[in-house]
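Structure in structure tokens, see below.
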Amino acid sequence: MESNIKLITDDGLRLDGRALNEMRPIKIQTGVVEKADGSAYIEWGANKIIAAVYVREAYPKHAQNIDRAIVKARYNMSGYSVEERKRPGPDRRTMEISKVVTEALESTIVLEKLPRAEVDVFIQVLEADAGTRIASLTTASVAVADAGVPMRDMVVGCTAGKAGGKIVLDLSKDEDNFGEADIPMAILPRTKKIVLLQLDGNVSQEEFDEATSMMMNAIPRISEIQRNALMSKYNVEEGE
Amino acid sequence: MESNIKLITDDGLRLDGRALNEMRPIKIQTGVVEKADGSAYIEWGANKIIAAVYVREAYPKHAQNIDRAIVKARYNMSGYSVEERKRPGPDRRTMEISKVVTEALESTIVLEKLPRAEVDVFIQVLEADAGTRIASLTTASVAVADAGVPMRDMVVGCTAGKAGGKIVLDLSKDEDNFGEADIPMAILPRTKKIVLLQLDGNVSQEEFDEATSMMMNAIPRISEIQRNALMSKYNVEEGE
Amino acid sequence: MESNIKLITDDGLRLDGRALNEMRPIKIQTGVVEKADGSAYIEWGANKIIAAVYVREAYPKHAQNIDRAIVKARYNMSGYSVEERKRPGPDRRTMEISKVVTEALESTIVLEKLPRAEVDVFIQVLEADAGTRIASLTTASVAVADAGVPMRDMVVGCTAGKAGGKIVLDLSKDEDNFGEADIPMAILPRTKKIVLLQLDGNVSQEEFDEATSMMMNAIPRISEIQRNALMSKYNVEEGE
Amino acid sequence: MPMDSNAVISEIRKNFMLESIKNGKRLDGRPLDEYREIKITENFIPKSAGSAMVELGNTKVVAGLKIEQGEPFDDTPDNGVMLLNIELLPMAFPTFESGPPSEQAIEYSRVVDRGIRESKMIDTSKLVIESGKNVWMIFVDIDVLNYDGNIIDACTLAAVTALKNAVIPGSKLGEKDFKLPVNATPVAVTMWKLGDELICDASLEEEQVSTGRITVTISEDNNIHAMQKGEIGEFSLEEIQKAIKTSSNIGNKLREKYFR
Amino acid sequence: MPMDSNAVISEIRKNFMLESIKNGKRLDGRPLDEYREIKITENFIPKSAGSAMVELGNTKVVAGLKIEQGEPFDDTPDNGVMLLNIELLPMAFPTFESGPPSEQAIEYSRVVDRGIRESKMIDTSKLVIESGKNVWMIFVDIDVLNYDGNIIDACTLAAVTALKNAVIPGSKLGEKDFKLPVNATPVAVTMWKLGDELICDASLEEEQVSTGRITVTISEDNNIHAMQKGEIGEFSLEEIQKAIKTSSNIGNKLREKYFR
Amino acid sequence: MPMDSNAVISEIRKNFMLESIKNGKRLDGRPLDEYREIKITENFIPKSAGSAMVELGNTKVVAGLKIEQGEPFDDTPDNGVMLLNIELLPMAFPTFESGPPSEQAIEYSRVVDRGIRESKMIDTSKLVIESGKNVWMIFVDIDVLNYDGNIIDACTLAAVTALKNAVIPGSKLGEKDFKLPVNATPVAVTMWKLGDELICDASLEEEQVSTGRITVTISEDNNIHAMQKGEIGEFSLEEIQKAIKTSSNIGNKLREKYFR
């Protein structure tokens, strides 16, 4: 994984021309899977991810919780989504991501409002380009809202990391592969509470603080894109 | 798969000496699996296939259809049945065959007569030599009748295909491997309705018509062999 | 598997210095898995095996026996327990051992005393050094007793075999690998009834008799070690 | 056809649908042999070796290719390999489940695969790097994202489009990337029997009412390369012959419109 | 013994059976140590490398061999490989299920395998093509088509017959085909305890009533090569010794009759 | 946290526990940041390449290593391989099941693995036998024998101890056995939120009452190498920062005490 790639250019920019605290472009669209109760599609840089939500009675009966909903998010990658062809089916990495994404969504869905229900969140990564787990969570959150599931707040995901010795926002694929650390995080913007946090790599405690404050600054912008996606749907619907 | 094998000799016969519209010999015998409700064994050329039928209450209960029977045919190959040792268990090819054989049998079993029941049809290919799916269906149909399951008509299977530029009946292994097309078909002889039809290869629309009419002509002979197999059982039973 | 290893030295001893009818040291300890209803840990030579027992209502309900308990022993090996790393999960050998160990325990547990119950016996081989199946059964039997499950008698396991032309007790790893035969056996000491017996290799009928009588002589000693393990627990408990 | 989705349609709507079709018109106004709006987005997945999103009305599928080096099969040492797999994603329909492919997914995959393979669309003999040792393997993965009927036709369109765009990464061998050599443009046309009529491009609702399914894949040579009668139900020989004619006609039109 | 098939036999019939056996005769008239009619059809599967169908009364099994080239195991570079597998086909009995082999099927396979392997019937050192690289692999697949008791003995008979007929496809290496070198004829004899008696070749009904099963495999050297006490139940040492004697006697008779 | 074990704790005990923790003391008398008694048994499995049993109170885990030759990954031809796997044995807790690893087991494995891997504890570049062909593969298998909370910390301790003792079997190549080169001593410290407090080394009972879990793995460089927020629940940024400080302090103490 080591390499001599120079991730930060002499003028302090990144290989794709971004400033250290600059995000890639993000685009979200709702209502993309007609059969589902809610759905959303995100393009985050070159990532292309679709999420669809089904709300239904949990099955079999003995698996139901009589006083609250069960949430199950499943993160899945298409065969053509990554450099080397991905075999179908879950692997250890995708199972871990499914777990942390599920837990982040559980933190914000008002589970008590949906007794005996199961909220199935299917996430399909069509094209992967670093940061898929937080892009997945960000779009899944919109899909859950699109399905009319009661939520305390939207979940907003983001990554920061260390690359070429610098703390940078929203790692690119190269920065992810050849950088020093990766820190995906997700928060509920209203309370700024953290519902997903992972780290792997090598950062000092001060660098960690720098990274998290960079992400905290980026959250409102992502949050707005989510809101607009949901709004534009309602606008269209009203306009019909 | 290409080859220079000459599949039709200069005097217009096939490598095994058959005329273009000549079937291989077929032999069917019922009552071969004592524990089953019905069973039949077929030798069709060098194919050796056994089918056994169990009729029972569908299980678990929530899988039952309250107004009709469920049919499940499972086509399975013995390890020693083919050129290279076959690993145990279903593969994509055998799963597809199980599906089309199941559907062909469902078309003729009077499902409403057996509410809540499951008709399990187990097919074991002991030796395979081209045309196993239609030989399986032909013998499975006899086994279902042997089990006393109500049927609108017997299902009769047959193949035709193109080999050495000619339309031929009942492909041999070589013709299957090195020929131009394979067309398995199954019909209900009384109404001449088609309940299984597949094709792979390369035939013109006219050749397709030639192939199907060749098969339609062969059906009554196979049908008679089925009937005789069922009859001879009853004869023996009466004679006891 | 053949080899030129000389398993019996010129002074009639074995490679590890034992006499032909000498056991390896055995140590058993109960109450080692706090969460379980009963447990026991055995060191038998270099074997290290732990067994834990859970007694619970069989699940799902339709799997219950209304008039007696179901017993399920599962023999499992740690990745590091053998020479070459063992992949997790059951294989054909461990499944066979699970079956014969289950059956031996079923022979002595008073099943009628626990209607609708399931007695789950989990056996983990941490380090394997020949004779694991009978060491497992010997310790599992103590764990079952530790769980308070009613038993007609303890099960005591032992092996004998043929190595270097001699019948020897309690095969070592080398004797197991390079010897002529392996005979694991388990009995209920009170009635001397055999509840597990396997053999593989090459022994005459006379040699078989020699091996079994050697094992019959060893049983009381192992039996005592089992009893002491159970006793010392009660002593400690009383002393608390 | 999803197992337990029959119940979804009321008897009234079903009879209304059949009556309408008997009169040559479907509930959405289409004639019997007309497709819904077809939208093909080529190169939808830029990182793949070739890709396409195909929308047939609300049915939405994505095909993407990966082309890697690998060993040829023992019996075809001088041919590259194509492996095609359809995933009926659980997001696409309430009864689709996670896990290994269902019988339905496998049947669909094999029918789509046969049409492409048997039309000799791809000349696998041109995919050999070293005979018997190293060949190009083409993985065609097709994901069904939303299921509103007629998966086989949508997946065949998507796979054929992706293959037509495909680029072999010859640069990995120090040579040039080159376009996958393509020799034919097979089109699968599936027809459903509703009452005594045959219709094309059934919506999910129409699939649920139908009593038989037949797929015919024809290439520009006008020859048949794959057929599959699917599901319970019966066809007369005349119906099959009619289905072949319809497939031939529609195939020509689609080929004209979408593949120059 | 199938799990839930005990219920099948009424108490009356069970007591009648035990009473009869106590008097040295079984319900079908056989003495305690007599086998049902044995029918062996050699070369039942001409395309295999060796095969046999064995019928023991209504119990029906087919053994077939495939012999292919493959890599030897790391720890035995100078030995060919034999892999033996019994499938309890779901057609053979109502409670047999599709899917990976049950514990019962695995136990049966391993007992049959041990008897053949440990008797040194096959000299695997003669199956080496290139040391450590390429050896002959013998796949022995045995299918149980109908289950009416005593699978182990039937499968051992079928496997031994198939191996005795087996031909190694040396022609694939440009040499001659040759017969598999065979050194012994192991016979497995299984006995069941019913009341205080031991019986041979139990029918399914007898298996269901029995309280213990013991298999002893002996070769012409009169030595024991495999034993397996199976199922719940207990044996005294004297019963085991009696079982060994019976196995030795019956083994000699069967060997005489079926293997010259 | 086992799925259905919440029910085990009564509301009264739960409130009592939270009240006590609010006052800086746990039900077993420990201060909030104190570990239970730690017992490390090195070389517990003499036949392995390195091993340790770790007991954290009643939590009991065994880590054992096997070191074998194998092929490196395609993208790292000049690095050996470490594979780490935690098995939550069904004996360890009533709701743990046999079968493939649960999501929980996989998450735990991956967090422990990340801490070790990212701290560069093992210099995998020193594990190459022949570049791109043959490297040392280190299999780290960790079995949880009894589950009474805080698996991640116990497993990290066990794995790090086993790795520090590990011997590479160079003798298999005709060279000398040598100690695995080790460069760092990562310590994972997991904290749970109970009420507004963070506690270390939660017992199972405390885990069941907690509303959030956060693991921080720090090495002697005082840098963070792995973090994982687990389970439902929320943390403020301040809580995370506090968790990092606590992890740093405790890591230093444990490192001092158990790794010289």
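Chains here go by letter, A, B, C, D, E and F, matching the order in which they are written, and residues are numbered from 1 within each.
Quick note on the criterion: a contact is a pair of C-beta atoms (placed from the backbone, for glycine too) under 8 Å apart; a residue touches a chain by one contact, two chains touch by 3 or more.
Remember, it's a predicted structure, so these values are computed and weren't measured experimentally.
Trainee: How short can a chain-to-chain path be from chain A to chain F, counted in steps between touching chains?
Mentor: Minimal hop count between chain A and chain F: 1.
Trainee: On the document's contact criterion, could you list the chains that touch chain D and likewise touch chain E?
Mentor: Intersection of chain D and chain E contact lists gives B.
Trainee: With centres defined as the mean C-alpha position, give me the chain A-chain E separation in Å.
Mentor: 58
Trainee: Quick one: chain E and chain F, Cα centre-to-centre, how many Å?
Mentor: For chain E versus chain F, the centre distance works out to 49 Å.
Trainee: Nearest whole angstrom, what separates the Cα centre of chain C from the Cα centre of chain F?
Mentor: 32
Trainee: Could you put a whole-Å number on the gap between the CA centroids of chain A and chain B?
Mentor: Spacing between the chain centres: roughly 52 Å.
Trainee: In chain F, what residues contact two or more other chains?
Mentor: none
Trainee: Touch graph of the chains shown: is it line, ring, star, complete or other?
Mentor: ring
Trainee: Taking the contact definition as given, in what order do you meet the chains if you travel the ring from chain C through chain F?
Mentor: Here the ring, read from chain C toward chain F, comes out as C, F, A, D, B, E.
Trainee: Write out the stretch or stretches of chain D touching chain B in their complex.
Mentor: These residues of chain D touch chain B: 75-76, 103-104, 106-107, 109-110, 114, 117-120, 214, 221-237, 240-241, 244-245, 248.
Trainee: With touch defined as at the start, can you tell me which chain F residues reach chain C in the complex?
Mentor: It comes out as residues 44-49, 51, 58, 60, 62, 64-66, 68, 85, 87, 89-94, 98-101, 139, 141, 143, 145-148.
Trainee: Please give the residue numbers of chain A that touch chain F in the complex, ascending.
Mentor: Residue positions touching the partner: 1, 92-93, 95-96, 98-100, 103, 106-107, 181, 183, 188, 191-205, 208-209, 212, 216.
Trainee: Contact residues on chain A for chain D in the complex?
Mentor: 32-36, 39, 46, 48, 50-52, 54, 56, 74, 76, 78-85, 88-89, 120, 122, 124, 126-127, 129
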